[in-house]
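Both of the next two complexes hold chain A, though its partner changes from chain B to chain C.
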Partner chain A sequence: MAERLRNPPSRLRSLAVPALFIAPAGLALVLLMAVPMADAVALSFQNWNGMKPPTWVGFGNYVRLAQDATFFRALWQTVYFTVCTAVLQTILPLLIASLLNSGIRGSTVFRTLYFMPVIISLAISGLLWAMLFEPNFGPVNTVLRFVGLGGLSQLWLASPTTVMPSVILVSVWQSLGFYLVIFFAALQAVPKDLYEAATIDGANAWRRFINVTVPTIRPVIVIVVVLNTINGIKVFDQIWVMTAGGPDYASATLGTYLYSIAFGAMGASNSRLGYAAAIAIIILLLSIVVSMVQIRLGRRKDIDSQIEV
Partner chain B sequence: MKKLMTTVAAAIALAAAPAHADTVLHVLSWQPAYVDGTDYWKKTVAGFEAENPGVKVESNFIAFAQYLPSLTAMIASDSLPDVFNGGTKTGELGRSGHLVNFKDVFDDKFFAQFFKGPLRQYTFDDKPYGLPDMAQDFGIFANDRIMKEVGVKMPNTWDELIADVPKFKAKGYIPLAWGNLTRNTCPDFFLPLIAQYGGDVYALDDHTKPGLSWDSKPVIDALGLVQKLAKAGVFPEGINGIDDSQGQQLAYQGKAAMLFGGSWTPGIFAQNGTKDWLDNYSVNKVPALTPDGIHYAGDGAGEAWSVNADSPNKDLAVKFIAYLYRPEVYNWRAKGLQSFLSMQSAVDQIDNPKVKTMISWIGTDSADPILFGPGSWDAVSNVCQSTLDGSITPEDGAKKIEADVMAARENN
Partner chain C sequence: MTTTTPAIAPISRSSRTTAVGAPWQLIFMRSLIYVILTLIVIVEAFPLLWMLLTSVKDTHEVFNTFLPTQFRWDNFPRVWTAMNFPVHLANSLYVTCLTVGLVVLLATPAAYAFARYRFPGREIVFYAFIGAMMIPPQAILIPMFQFLKSLHMLNSLTGLALSFVGGGIAFSVFLMRTFFLSLPRELGDAARIDGCNDFQVFWRVYLPLARPGIATVVIIQSLYTWNEFMFSNTFLTSPQNKTVQSAVFQAVGQYATDYTALCSGLIIALVPVVVVYLVLQRQFVSGLTAGALKG
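Showing the complex of A and B:
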């Protein structure tokens, strides 16, 4: 035994050094992510306002969630936000990246302009757009009235009908440049001879896009869709800054609802930390399940297309 | 070898230790005036440290928007500072034994120094768990230039305000601006109206009086008035999508004739207001129900100092509080900040005539504008928002407040 310890087998030796390098980051991950995550799971089975000792309620928080109309409203609005942003923030950047990749003049300038909103913090962009959308004298309504389209002016963030579309617009504006850059890089890697072959076969620009571009960069599309989905499910800061989930929970998402349950409304008491933890676990499970489904669907298409070849 | 290593390690540890360890008193506030570097606070802290050698006061600031969530996290992790603003958590913290009951450490003569309303704000079950640092009330700031242009005087009653709306609109002005995006301002506006209709907001917040509930006539009437004002066009369109600073901008930019706000807002005007606003604004009480009715400006305190009862420096913290409220020390605050006061002796330190006017309302037009009961603020602010946009009737709104308050108390 001592001999084995003094001279470990070569396999163990070969693992020891990499393990030593990974250990600090692994320890940080365990301490900063795994432990709090386990804590949150445990908290989701308890009732706790932060002041008195927590009490064990088993699945009580999850049962209450199943009966919470506001939770389901926030869930529905999260799905709505996620589907809209995932679709728009995948299709639009892909189309624009294709256009920029076609060799138009000023492509670099356009890419830079599209990317600029990405570098603004979500909170700042939320504040800026809240000013733009101000119903009485904000620039959006002012311009609409100035050009004779006053009939199109809206309450924007103040109306339950227009608040979610407004928030989605801001999200698309903010994120488009990021995904555009990803798609642009992917398009650069598509072999030119594939396009040449398609052109020879009589394919127009649209057919080349559908039959060459999209299948070739499918893995990147899957990644973008997964990223968009995860970001949509956990959306919080931009919406909180613009609307605090209002008016009347019309823009509440799982993230904003979780926050208001954990800390109360602005200036309020009544923290329900256990209940908020239960919502957080639901968000985590949703993100995992939806991401896994999307990745599997993306892989299956790859396998199918390889089998066809 | 092992002995040598241990001796070296001990020597290094001894060398690294300070010559004498100061006791650090941790103070936390959301007021930017109470941070290292501001004149008033620098002087205050230096004075206390000079009287207490070996003590260092560490001042920490968290902006208001993040303050209560941060405080919630501190409460949950048992890491409250020694002295802090408890905010709307004061009642719950006090009742659960986390705060010093100041009646145990100060006598009646000490408490007699304060304005009654602000002190009452942070007293629960006859135990003051917070000492008000400053008072607050609410009023209407009118742009006298616009009022003259429109040809109206400051309305004395709500009906007069509603009757004047067409005159404001004809000239393209919003009659009364404010914003409710964060759901904080509507309760400030609505709660004193309950007092105008004869209700007792303190009793509603305590929710212990038999037969008293939020589903009662004064609450329904007050919600009804808020909705009536909104429907009449008194407030900006889309008020639930406008935040406080945007509401103030409507006034600064001359788009609104009047602005609803608290007594702390003149300080904000001084930093952000336009010349037109600063030259022309006047302070006025909110309208009353009847020509000779009480205007109920609110008579509370936005912030109060509390002492962590579990702190190892509890006695030192109480000593610091006693020092802060020494008349000569409090006068530095009054003189330096020119803001609202919780102590009567400091009134002469205020030079700003508008602040002095609002101070004169304290004690005569009282109403409780802050709720401390579990779930109360959430319940009221949510229904208030729905009332403004007409998505709930006053009767259903009052029922919902009561139901939400009861549900929160059961879950607490």
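Showing the complex of A and C:
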């Protein structure tokens, strides 16, 4: 304030310095994000195979989407994947984090071990699990036969009925350690006397979990659900390397369906880029809706105080 | 540590027996917890263990035994040259360094300005930055493909790095701004009284203090870029230009059921990340979780 009074033309000055700091990033963001985004929106109203000049078709692509059974299948499977992973990847890490936080020894060792798959890329875990799920000699079926549960062996990724659960299993396997660490940090911040008070009132471990733990770390639970939802809507890498959306679109999500339309399962052939862009816009809209929820929650002050990472 | 536990142990003040009471019950609960936790370790570690063991097996015994009868360490040099790993590792390293360098260079001053200056339009510009975070990579995949094509950078590692910069900036500005906000304002005021100009305050006072924040951005952005698959698999068309992720994916077509080769390849692809993780474990875990929670 004092500075402003000393220098009369401060309005310009106060703009010049931050503008200088922000301009390079802003320019990059416009060129590499805003312009492509605007292009994608425009492209979704056009017919284009990448070669001939594009033609304007208005809402044609969206109308065709509304009549495309495979699109709805991919949409449904995206929702299915998102809901299952959001539920499993919240409940399981939370329960396991609670066990780790129950005062046992060696919780650091467990956390380190659980965290290992997190640093592996989605593509590599997909490739690894594609081998594990191999029906004839893959270790998953081999282990099942070995422990006498051969009747439970499946075609896994090769069967339309088991492919989605298999893909979801891979996701849970990979991200368990990540959400577990988040929950563990939150649990450590829960005041111990809350548990003592509950114990004096006669609450058993389960009741303490439901009535003390869950309400206290509720903001973190909500964040984890939102993060999972956003990642679920965008899911692509692991499914593409494992099944490319197959067999016969049984594991297609919006991400893989878009990709196979734009770039083909094997190299570009007869690509319909406008149609793919329309699917991209659908993914964008879904992401925006979920992100809006996230931003509203992010404003809550209690979240920062919950976590000291 | 051994006697009082928040969730399981009995509280001695309580005389009721409805809460967990007898010592054997406590021991039983403890043991059960260890059994469950160990089972989960097995589930989480088994795929990785299987991959390690398979990578050193003889090609003929892949499906016959769980433990290799002889350790074929020569699988690694074989795959190292056959899959052309030196080139792919160098490609990934180049893309990662360039992306991280550009993101840090561009995002840090912007984050600082959003945190430390009041200026007209700040909120709107900042929301534009946050808004970019919502854009999923699929949404810009096709336009980015065309954009790089028009620049003749389609099959180029530099082009690939550029395609990551937009998303990286949005996220990093958000994360770093929070960090700059946590630094005391008085330091800058004091430096200004000592005669520093705006640029010197940033460079000499806040930038050195922002190192932990920059480290978080570097870790998150490096891991994201190194592990990225969709853009690199799409934009890099010639085999010698592939990054590690797209190269191992391509190798699957070639090696089909040669699981020893594939597993050795996956392990070579994983080694750089695992080494960095082991060295910087604390920063890695806290950086990633902080990034998820604040971003």
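In this text, the second predicted complex is superposed on the first by the 265 of 309 C-alpha atoms of A that agree within 3 Å, B and C clash if a C-alpha of one lies under 4 Å from a C-alpha of the other, contacts with A are read in each partner's own complex, and residues count from 1 in each chain.
Here, a contact is a pair of C-beta atoms (placed from the backbone, for glycine too) under 8 Å apart; a residue touches a chain by one contact, two chains touch by 3 or more.
Keep in mind the model is a prediction, meaning the values are calculated, not measured.
Participant: Record, for the superposition on chain A, whether partners chain B and chain C clash or fit.
Facilitator: Superposition result for chain B and chain C: clash.
Participant: Touching A:204 in the superposition: chain B (first), chain C (second), both, neither?
Facilitator: second
Participant: Hey, is it chain B or chain C that touches more of chain A?
Facilitator: Between chain B and chain C, C touches the greater number of residues in chain A.
Participant: With both complexes superposed on chain A, which partner does A:196 reach: first (chain B), second (chain C), both or neither?
Facilitator: After superposing on A, A:196 lies in contact with chain C but is clear of chain B.
Participant: Could you tell me if A:239 is touching chain B, chain C, both of them or neither one (first, second, both, neither)?
Facilitator: neither
Participant: After the superposition on A, what does A:262 contact: first (chain B), second (chain C), both or neither?
Facilitator: After superposition on chain A, A:262 lies in contact with both partners, chain B and chain C.
Participant: Looking at A:156 after the superposition, I want to know if it touches chain B, chain C, both of them or none. Which is it: first, second, both, neither?
Facilitator: first
Participant: With both complexes overlaid on chain A, does A:248 touch chain B (first), chain C (second), both or neither?
Facilitator: In the superposition, A:248 contacts chain B only.
Participant: Where does A:49 make contact in the superposed view: on chain B (first), on chain C (second), on both, or on neither?
Facilitator: first
Participant: Does the superposition put A:185 against chain B (first), chain C (second), both, or neither?
Facilitator: Touch partner of A:185: chain C, not chain B.
Participant: Please indicate which partner A:97 is in contact with in the superposed arrangement: first for chain B, second for chain C, both, or neither.
Facilitator: Neither partner.
Participant: After superposing the two complexes, find the one stretch in chain B that runs into chain C, choosing from 243-251, 261-269, 315-323 or 369-377.
Facilitator: It is 243-251.
Participant: Could you give the residue numbers on chain A that contact chain B in one complex and chain C in the other?
Facilitator: On chain A, the overlap between the chain B and chain C contacts is residues 50, 130-131, 137, 259, 262-263, 273.
Participant: Mind listing the chain A positions that touch chain B in their complex?
Facilitator: 47-52, 130-131, 133-137, 155-160, 163, 243-244, 246-248, 259-260, 262-273, 275
Participant: Contact residues on chain C for chain A in the complex?
Facilitator: Checking each residue of chain C against chain A gives 1, 4-11, 13-14, 16, 18-20, 29-30, 33-34, 36-37, 40-41, 43-48, 50-51, 54, 62-63, 66, 102, 105-107, 109-110, 112-114, 117-120, 122, 125, 128-130, 132-144, 146-147, 162-163, 165-167, 169-170, 173, 198, 202, 223, 226-230, 233-234, 245-246, 248-249, 252, 259, 262-263, 266, 269-270, 273-274, 277, 281, 284-286, 288-290, 292-294.
Participant: Would you pull the chain A residues touching chain C in the complex into a rising list?
Facilitator: Spelled out, the residues of chain A in touch with chain C are 11, 14-15, 17-19, 21-22, 24-26, 28-29, 31-37, 39-40, 43, 50, 96, 98-105, 110, 112-124, 127-132, 137, 139, 142, 173, 176-178, 181-182, 185, 190, 192, 195-196, 199-200, 202-205, 208-209, 213, 220, 223, 227, 233-234, 236-237, 240-241, 254-255, 258-259, 262-263, 273, 276-277, 280-281, 283-284, 287-288, 291, 295, 298, 303, 307, 309.
Participant: Would you pull the chain B residues touching chain A in the complex into a rising list?
Facilitator: 65, 68-69, 72, 75-76, 87-89, 91-93, 96, 98, 174, 181-184, 236-243, 246, 250, 253, 255, 372-378, 381-382, 385-386, 389, 391, 408, 411-412
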